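Per-chain residue numbering starts at 1, and chain names A, B, C and D are given in the order in which the chains are listed.
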Amino acid sequence: MASMSVKLFGKNLRNPVMNASGTLGYGEEIEPLWGIENLGAYVTKGLSLNPHNGNPTPRVWEERQGLINSIGLQNVGVDRFFNEYFPLFKKKKTPIIVNFFGFTEEEYVACARRIKPDNLIIALEMNLSCPNVKQGGISFGKDPEMVYKIVKEVKAVTRIPIIAKLTPEVRNLREIAGAAYDAGVDGFTLLNTMPSLVVDIEKCSVPIRGGLSGPVLRPIALKAVYEIFSSLHVPILGSGGIMNYSDALSFIMAGACAVQVGTATFVDPYTIPKIIQELKNYLEQLRCPRISDLTGVAHG
Amino acid sequence: MDDIEGRIIQNKEIVSGHYLLKVKLAKPMNTPIPGQFAMMKLPDSEVFLRRPFSIYDYRQDTAYFMYKVVGKGTHSLSRTGKNSTVSLLCPLGKGFNIQKRDAYVVVAGGIGIAGVHLLIKRLGKQAIIFFGCNRAEELALMRYHINLNPYVSTLDGSYGFHGNVVQLLSKHLKTICKSNIEVFTCGPENMFVSLRRLLEKMRIPCQASFEERMACGLGLCFGCVKKTLDEKEPYKRVCKEGPVFDLWQVCL
Amino acid sequence: MASMSVKLFGKNLRNPVMNASGTLGYGEEIEPLWGIENLGAYVTKGLSLNPHNGNPTPRVWEERQGLINSIGLQNVGVDRFFNEYFPLFKKKKTPIIVNFFGFTEEEYVACARRIKPDNLIIALEMNLSCPNVKQGGISFGKDPEMVYKIVKEVKAVTRIPIIAKLTPEVRNLREIAGAAYDAGVDGFTLLNTMPSLVVDIEKCSVPIRGGLSGPVLRPIALKAVYEIFSSLHVPILGSGGIMNYSDALSFIMAGACAVQVGTATFVDPYTIPKIIQELKNYLEQLRCPRISDLTGVAHG
Amino acid sequence: MDDIEGRIIQNKEIVSGHYLLKVKLAKPMNTPIPGQFAMMKLPDSEVFLRRPFSIYDYRQDTAYFMYKVVGKGTHSLSRTGKNSTVSLLCPLGKGFNIQKRDAYVVVAGGIGIAGVHLLIKRLGKQAIIFFGCNRAEELALMRYHINLNPYVSTLDGSYGFHGNVVQLLSKHLKTICKSNIEVFTCGPENMFVSLRRLLEKMRIPCQASFEERMACGLGLCFGCVKKTLDEKEPYKRVCKEGPVFDLWQVCL
């Protein structure tokens, strides 16, 4: 039988399919439909040291084959997450990746420090799309020097592997990834949403500014995975517009060792279990023994 | 709660721009609580996200929805023919909580009737109904409750009270409000604002069904929030902690 | 009657709708369907000092609600354009914007110098997405200093107004636009295509790497227009996924004084005349006297 | 050339995976030259770009297409019902140029027959037809020309010559090639490669209809090029300077 399991930072995941941060609530919300133990790993909603209220509405807006969101990182804070929501993952022995953020270097560092190593915590995923409020609000992830510095600082305070989740709004993704790599990052998630905006022509107004996700992001994210895979040798998690198993495969072939499904879950909440099943079928049809053998094969 | 395939067996315009949709489900859904809703995936592939609609009624594997055409999705739905298939994620959210009261007042504005129809059915004769709409024609939205003697207002005065439904309620509130009553409401938010102003003095309990743009309908995305007085976590999800909220807890 | 005309660099255009560079051939190809004189202005295919052969096929690839192209800037060169194709525009008195590019600073400058001012030439549109072969292939448009330098040099050799057409693959569009502005640029076209890539999961290969265009680009380009309009006071031409008159309007309301239609023409070759007609109808319904009054109204 | 609305009046599978499509046009198109094609906008909104198809036949405002299901667009087309509407931008490109010759040889591979059907109709008895396909079943693609006594090859040997169509042609070329002949061909590119090798020695003129991925079909995007021997401008547009090219001018 074909093996769906993949190894990430020395730990075995039952399969390479995860949710994308912020698109599967705190995990428990999907339980009435399917169990979180089906996931390769659960990626937490973006957590911060202190709770955040998030933005006023509208927070979501439909685009042609896409979604614009400006949730504003509402979350209960890292402590409440571990007290209230983590026990479910413990009980179900489901590995998690903790997505976290801050608006200052100190917040990132304090948050990372706060998270105690645990057998189920595969990695910390740093959301680098956040504005650095001390530097005029430019995202941490846009500047190679800021990236280097913050990754270095975070690495210094935790033994848990660190994944940098990069923003597409950069000049040269290789440069940014290179800076994180030099600072000792353990892996990448590519990509976060694309900054964008909506004009309401009836009201002559701008109802929402936020991150664009969904199928529209896919060819851009694929390019990111392909490029970084060919230059840096750390695990890559692919994210951006994955709607079905063939999208997932294209990310794996481009160089991802696992994929994250976000917006697709809103359209069909069973997308993740379906992708897992269809990847399995694909492997068996192809008589490919291990899904992990497919990572990067498009590089020929 | 489940994602259930449904086949449209009727999609009829009842008042101009307002439709009643009958969907035969491939399997039964959990019995819906009044005020709960469904996320509907439309057959039109250009409509990307699902759309939320109150469960208007539910009988023998058949779900009913009443909807008003307001944009791309509802327009496309209105032109969807019989036998087309839709996917229904349902029943979702927290519905109305019916506790023992001396009287129940239901206040509905326009298409808001869709959100309280099942509630009225449940309450039966105990419900004192106030319905506000634009013009007499829209009374058709209420036709199943005519026997319950609803109080009706029209903005153009073409039927019943000339004015809005909260003004109408205010005229009758004294006589109703002998004792332990509760108000249930569904309609546009500006109606909730005036309603609150009216009920405030008497501190009458009120449950209101809110609307907000949704992506998932399941509590996954935190896109559909309303601000409440909860200081620790002010933003509550309409799809999960709502759509029915204690009117006194919500910031309007 | 409502006026569709807009003024650009002191010249009157009959309407604010143009084609996007590279999507209406050399102009004459569309003549069997509708006359180029319907355009507010014709934007030339990207021209260079010397002819270019372009890339091997596949050069185009369909994406969900988008197109990836890697034409590789095939063109007959600026001289042949003016000898063979410009006479049609002369005859039809249709204003043109000359899109041009180079792979070195010298090529840009030599190309701009070669173009003689003419009453019908509204502006030169610099395609800044080109790789600078002398600087390791990084696009001119990604680096504020390169942008400043090249705009300055081009401005020095021509009296014709210069429009900078920017690439979305930047860290901070305002910074890039600011550099062009400081160098004396006269206007902007926002945006060019988004770098992206396709994986063929059957062949385990990457059949095409190229620029993504079409509806998927719209929310990103809208954001660009909105941001630059609020910071710099020069005319903006909007480009990116405009499929119909309401898309065109949203760009105008966000701050564009004119719009460019590209990929939509491939889906429906009558898109441009339809948009012109529908914008007219819209103005009349709204009793808005001038389309130019709508530029930027979404800024409130 | 124009963009014409058409209504599908027939969409029939003739061999497994191969369909004949009949479209009634809202207005007549300019009489197509054999080898010209149409860009078809499919009703399925998930298919973004138009698809190019040779004009198989054209009679009294009715256009015929023969297509093979190979991917998303053709799959969707195969499931499109009668009365659906498509948009046809047509006729496009440069077709076959029929000059005075002693004999005309038409070589078609598989669905390539769609690109030469109109040509064969025009040439009538003057055409010496070579048709290659995978198995006997696919002869149905040729049925309208059976009376012209085509030479047939099948790869599996289930009918006619066992092998490919160029091998078949090579067996007969001597007897045909008494004088001034020209070859017209449509099919996969590897067939053109062997064909060229065969014709090379005798320098027989040959016009071939090429395929390339297209975005516009009108010469606007320069997406559909073939490399030719023209040194000044090697890349020629299949949709505009083609799809029919002088085989000796194209780099294969």
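By definition in this document, a residue touches a chain if its C-beta (ideal position, glycine included) is under 8 Å from a C-beta of that chain, and two chains touch if they have at least 3 such contacts.
Since this is a predicted model, take the numbers as computed values, not measurements.
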Exercise. Between chain B and chain C, what is the separation of their C-alpha centroids in Å?
Worked result: 48
Exercise. Centre to centre, by mean C-alpha position, how many angstrom separate chain C and chain D?
Worked result: 36
Exercise. If you average the CA atoms of chain B and of chain D, how far apart do the two points sit, in angstrom?
Worked result: 58
Problem set entry | Shared-contact residues (touching 2 or more other chains) in chain D | 46
Exercise. Residue numbers in chain A touching 2 or more other chains?
Worked result: 63-66
For this session: Just say which it is for the chain contacts: an open line, a closed ring, a star, complete, or other.
Result: ring
For this session: Sort out which chains touch which and give me every pair.
Result: A-B, A-C, B-D, C-D
For this session: Spell out the residues on chain D that touch chain B in their complex, using ranges where they run on.
Result: 44-46
Exercise. For the complex, which residues does chain A have touching chain B?
Worked result: 22-25, 29-30, 32-33, 45, 51, 53-54, 56-67, 69, 71, 74, 76, 214, 263, 265-270
Seminar exercise, completed: chain A partner, complex, touching residues on chain B are 1-3, 41, 46-50, 87, 89, 212-216, 218-227, 232-235, 240
For this session: Please name which positions on chain C make contact with chain A in the complex.
Result: 63-66, 68, 138, 142-143, 169-172, 194-201, 204-206, 209, 212, 215-216, 218-220, 222-223, 226, 246, 249-251, 253-254, 297-300
